[in-house]
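I've put the structures underneath this note.
Both of the next two complexes hold chain A, though its partner changes from chain B to chain C.
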Partner chain A sequence: MKSLNKILTGIIGIIFSLLVGALLIKIQGNSPINAYKALYDYGLGSWFSITSTLNNSTPLILTGIAAAIAFSSNVNNLGQPGQLIIGALSAALLGYYLPFPGWFGIITILILSGIIGGLYASIAGILKKLYKMDEMLTTLMLNFIADYLTLYLATYPFLDKKSYVPATKMIKKEYFLPSFKYLNSSFFIAIFVVLISYFVVKYFKKGYEWRMMGHNPDFSRIGGCDNEQNLMWVMFYTGFLSGLAGALLILGGTQHRFIKGIGANYGWDGVMLSIVGANGILETSFFSLFFGFLKSGGVGMEFEASIPSEFIMVLQATIVLLVVSTRSVFSYYGDKIKAYSKTQKVVKAHE
Partner chain B sequence: MKRFFTIFCLVVLFTFTIFAAPKKVAYVINGSLGDQSFYDSGYEGIKNLEKDYGVETKLMECNFDPSLYYPSLMTAARWADVVFVISYGFEEELKSIAEMFPNKIFVNIDTVVEDDKEIISNVDFIEEEGSFMAGVVAGIVTSMTELPGINPEKLIGAVGGDDDIVIRSFVYGYDQGAKYIDPEIQVKTIYVGTWDDPVKGKQAALQLYSQGVDVIFQIASLTGAGVIQAAQEVGKYAIGVDSNQNSLAPGHVITSMLKEVGKSIEFVFKQIIDGTYKPGTLYKLGLKEGAVGLAIDEYTYQILPNETVEKILGIQKDVIEGKITVKEYRE
Partner chain C sequence: MLLEMKEITKTFPGVVALDKVSFNLKENEIHALVGENGAGKSTLIKILGGIYKPDSGEIFLNGKKVEFNSPLDAKRHGIAIIHQELMLAENLSIAENIFLGKEFGSPLNLNFHKMVEESKKYLQMLGFEIDPQTKVSKLNVSEKQLVEIAKAISSNAKIIVMDEPTATISEHETQILFEIMKELKEKGISIIFITHKLGEVYQIADRVTVLRDGKLIGTKNIEEISSEELVKMMVGREIKEMFPKYNKVQDEIILEVEDFEVIGYVAPVSFNVKKGEIFGITGLVGCGKSELALGLYGVYRTKFKKFIIDKQPLLELKSPQQALKAGIVLVPEDRKSQGLVLLLDVVQNITLPNCDIFAPSLNIKWKKATETTKKQIKDYNIKVSGEHQKVKNLSGGNQQKVVLAKFLLKKPKVAILVEPTRGIDVGAKIEVYKLINNLANSGIGVILVTSEIPEITGLCDRVMVMHRGKMIEILEKGEITPERILKAGTGLVENV
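Up next is the complex of A and B:
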């Protein structure tokens, strides 16, 4: 019920922001109906559109639940972009140098890149544990380090000399994740990971401790949980998810190599998604699909209705704002109504 | 019978040419418009096609987002008859998409993408020749200490976007040009690592100026707008790139090294219309073809005396006539 509530308030917020978007399109002098028709056509209109929506949402799902798990455990991991890009670079390099055959190689690459992303996130955890440094700052700063480190590595030591942009060599053909009628199998891996994460957080002892830490860190400490240890675990696990997202971009996407800018905006979109999804794992994954839809539909809006592709970013930001505000409005008035009906009951019983 | 056959053939040929005349042109770029330089130059050419041939054109910007390269190009290729593409970073995708649409015309600009079936044509600019001339200008200006803001140090600078092959070719030619004027001139280069951040471009330029550089050649699309700002701020000089940027900071942009992306698009399209176009051609365009060169206008004369400009034009003529050979970075 609670989960449905989160999704419903989200959808109401999305509808409002689509209306605001229509207004913006109208102000620019384009037709909102044409624009949204193109958005639909290119996002859901055909099998090709549906698959490109699902492919687009694959990394978003993973970075989204990474942010959601971290935030719901009261760990401010804002390092998804950096962890993703580190994972992507590791996958690209492993994919080129690893000698293992086929499936075994793919699994090794995915797990190793995830672990590397997790270790990268753990740096912030260690700094917190040893020096009490705020993890929000350290993860944020680690993003810059990851950005420039990977750019350096792709421009100089691991540069593909034939490439016109900073990029590593292409990974081996046998490590490409197969596509079924345009739908890349990386999507199924992402869904699988979502289910695992859901069960870990919901039914495992560790997951319970994480959640309690999110609700009230003092309570969980007094209740006997090692908060510092749990923070390390959350950091590692969410970093693992972001790193895995990066690895899937390399093995699954269309590039099959690390190229400058491959992280796109997936990391920050993930943070936004966890806000829209109110830090729930399933809710965030659901809205990831919607953001993927916006991304693939945005191409159509640009092409058919000549609306600049930046418009989608504006729309995403509006969605985040309006979803959060609708949610607080709903809970505010919901609480009031509940309180009112309770008092009415009490008054009636008294009479 | 024979005559009938010839007439039949002519009719077929005629209808074929009518149907072959392309009506839809797409322009797919990896970056975004508004740089007043590289991408805008191409878009100007596309707009001219609309005017001159009455074709329908559409634009796809990818904003340097690799996840958009494939869907954008795919969308464009499905719709258009002719696709002009600036394919930095998605060369492989271009190859695979071109193979899906072997009957459409793909013209790749600025890089060389060769597919096995020879579907894609390429427009490759000989940047070295253009930037050689930019180097000549920078070399001459840095030794003219009578100009305001010029110090006696023989240092000139360049600010590049990424450290990649094309930008290296630019710097290679620039260095040759400067050394042609005075072998003691040193070139300092900073690769900023981004194409759309003027603030970083400005920082890089200020750094170079503070090290004693007095002329900077910007090769960085929108990032380079910051270089021109910096030149205006500290009262030194800059050289623009790709489009004519002389008017952006009058008195501080000496000249611009033109790379006529737009004109090359018009040139190739004219061939398509004439029927002389052949898929898989490599158009190598340099100073002689007018595809690269210097933009010399009233803003240049505002800074440099007439005889200096004439000297520069003389050197340009020598390069065109082959009296001076400019070495290419990629052989």
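Up next is the complex of A and C:
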């Protein structure tokens, strides 16, 4: 019920933002109808569009729930971009150097890249534990370090000599994740991870402790939980998810190698998604699919209606703002209406 | 008549908060407003302060009908309210706080000098010797109250409303506050004084008005009413025993500490608690009693020579986990911020410290947790609509019972209760007292940390009195009198 509520308010917010988007398109002198038709055609219109939407949403799902789990545990992990890119580079290197056979290699790469992403996030946890440094700042700064460190590694030690841009060598063919009718199997891995995460947060002791820490850290401390340790675990787990997202980009994407800019905006989109999904795991995953749709449909808008692809970013930002405001407006007036109807009942009973 | 409120009615979702309540205030009067939690005291005050608008009823000020549309309106009519949670800007100086909203000088060029000078005048009226440029965050609660009062006088308030001003300050500071209230009265200011403590009503008030369940029970001159009658008016039933006491102290010692030091807060103390005993710890605000309690629970850094619990020596105490494991539980002072998650239901609140019961392996057995919660609700007589009701919607007394139920599920050996009856009504208090007795009788050593002297004299078998982070003395059963406690608590007795 609650999560349906979150999704409904989200959808209403999205409808409003599409209207605002239409206005913006109109102002620029294009036809909103044509633009949105192209968005639909390239995002959902055919089987190929649908698979491209799902493929696009794969990394978003993982970074989204990473952010959602962190924020709902009161851990301000803003390091998804860095953890993702570290995971991606690890996967690219492991994919080239690892001597294991096919499926075994794939599993090893995915798990190891996730762990490396998790360890990278844990740096912020250690800094918090030892020096009480605010994890919001450290994770944010670690993004820059990750950015330039991976760029350096791809430009110098691991550069593919045949490449014109900083890129590593392509991973072995047997580690490519297979596609079924254009739908890459990395999507299923992401869904599987969503289910596990949902289960962990809802039914595991640790997950419960994380949630309680998110609601009220004093409560969980007095209640006998080790907040510092839990913070480390949340950091590691969410870092693992982002790192895994990066690894799936390499193993499941189209490039199969680490190239400058491969992380795109997936990390930050994840942070946005967790806001739109109100930190719920299922809700965030649902909206990740929608953002994936915008990404693949945005290509269509550029092709067919010559609307710059940056427009999708404007639309995404509008969505975040409007969903958040719709939600607070709804809860405000919803409470009022509930209170009013209750009063009426009491007054009637009084008479 | 200075103020008359006639037949005020106000409804909220689900409740009639005030049902045709009339209230009046004479000039030069201290008028106590009493009643259990949820009696409608705060609602009445908020209507007077312009925060709520009444559904029906009229307000007359000096015989003229007035209508308050905003708190500012009420302020302009000379009504100042000092809320229980003080509304001061912590990072500003005293002078800046006093003149907030009515500063001297132009917006671009404030006349700080004049504000400081004027503030000095008002503070001196209150006998409060302090530099007005001191930051408010450096003051303690009772000093902050004085700043609020100075602020009220500076805006020419004719009526000052104090909402439970003595709830968070010590006995000694209360006396100082009362002196000031008397002086204000002589200067022609009328005071409405809300309190839970009946002794204070007799000490300071001229008249008393009792509310119960949103209805006016009566207004009496203070000479005309005995305390038994007053309690009866408040709770609507006889209370033979305000402090039931039937615990039996056993000979066996359950907790013994030697040279226990809370680093930075409490100098080394030594004491022991027997099975079935209610051991009190008391002292003024800031004496270190809460810190000692949190130290015993492993929240603060501590040092000790000996820490024996149920014959088992404890080697180190560094975290609440270790304390819980050793069999110590703590019911925290501030239930809203440390004891509960207000937005979640009773089950989720009760589960946390009991994960080892509900989650033997990785996952939590919510079904078992729900069943246990149901049982706890019944055992502790918690009034809820169901185990999935949000804790936010429970009354203070029931919230406190949830906190108690949560920690006592662990079957502890030592239970530390810090101010367990703060801000809850008389009926619920008695239930908590009975619970404390039952706890002790089940063989637990109970440490009751409280600043309410009647609780100490009424409940405790022995009491440790503290002053400025030091133990002054431990009073034995026969020695526990309010005078002895006050004398030790204000540091008048030398360290024994």
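Just so we're on the same page, the second predicted complex is superposed on the first by the 351 of 351 C-alpha atoms of A that agree within 3 Å, B and C clash if a C-alpha of one lies under 4 Å from a C-alpha of the other, contacts with A are read in each partner's own complex, and residues count from 1 in each chain.
FYI, contacts are C-beta pairs under 8 Å (C-beta built on N, C-alpha and C of every residue); 3 or more make two chains touch, one makes a residue touch a chain.
A quick note: this is a predicted structure, and the numbers were derived from the prediction, not measured.
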Superposition on chain A - do chain B and chain C clash or fit: fit
Which superposed partner A:Cys225 touches (first chain B, second chain C, both, neither): second
Which superposed partner A:Lys342 touches (first chain B, second chain C, both, neither): second
Partner chain in contact with A:Lys205 - chain B first, chain C second, else both or neither: second
Chain A: partner with more touched residues, chain B or chain C: B
First, second, both or neither for A:His215, with chain B first and chain C second: second
Vertex chain A angle, Cα centres of chain C and chain B, expressed to the nearest 10 degrees: 140
Partner chain in contact with A:Ser46 - chain B first, chain C second, else both or neither: neither
Which superposed partner A:Gln28 touches (first chain B, second chain C, both, neither): neither
Contacts of A:Ser325 with chain B and chain C, given as first, second, both or neither: neither
Where chain B and chain C come nearest after superposition, their Cα distance in Å: 38
Shared chain A contacts, counted only where both chain B and chain C touch the same residue: none
Contacting residues of chain B [partner chain A, same complex]: 58-72, 75-76, 79, 88-93, 111, 162-166, 191, 193
Partner chain A, residues of chain C touching it in the complex: 11-16, 297, 299, 319-321, 323-324, 330, 332, 337-341, 343-344, 348, 351-353, 355, 359, 362-364, 366, 406
In the complex, chain A residues that touch chain B: 42, 52, 56, 148, 151, 155-156, 163-167, 170, 249, 253-256, 259-262, 264-266, 295-296, 299-300, 302-303, 306, 308-310
Residues of chain A that touch chain C when the two form their complex: 203-206, 208-209, 212, 215-216, 218-226, 338-340, 342-343, 346-347, 350
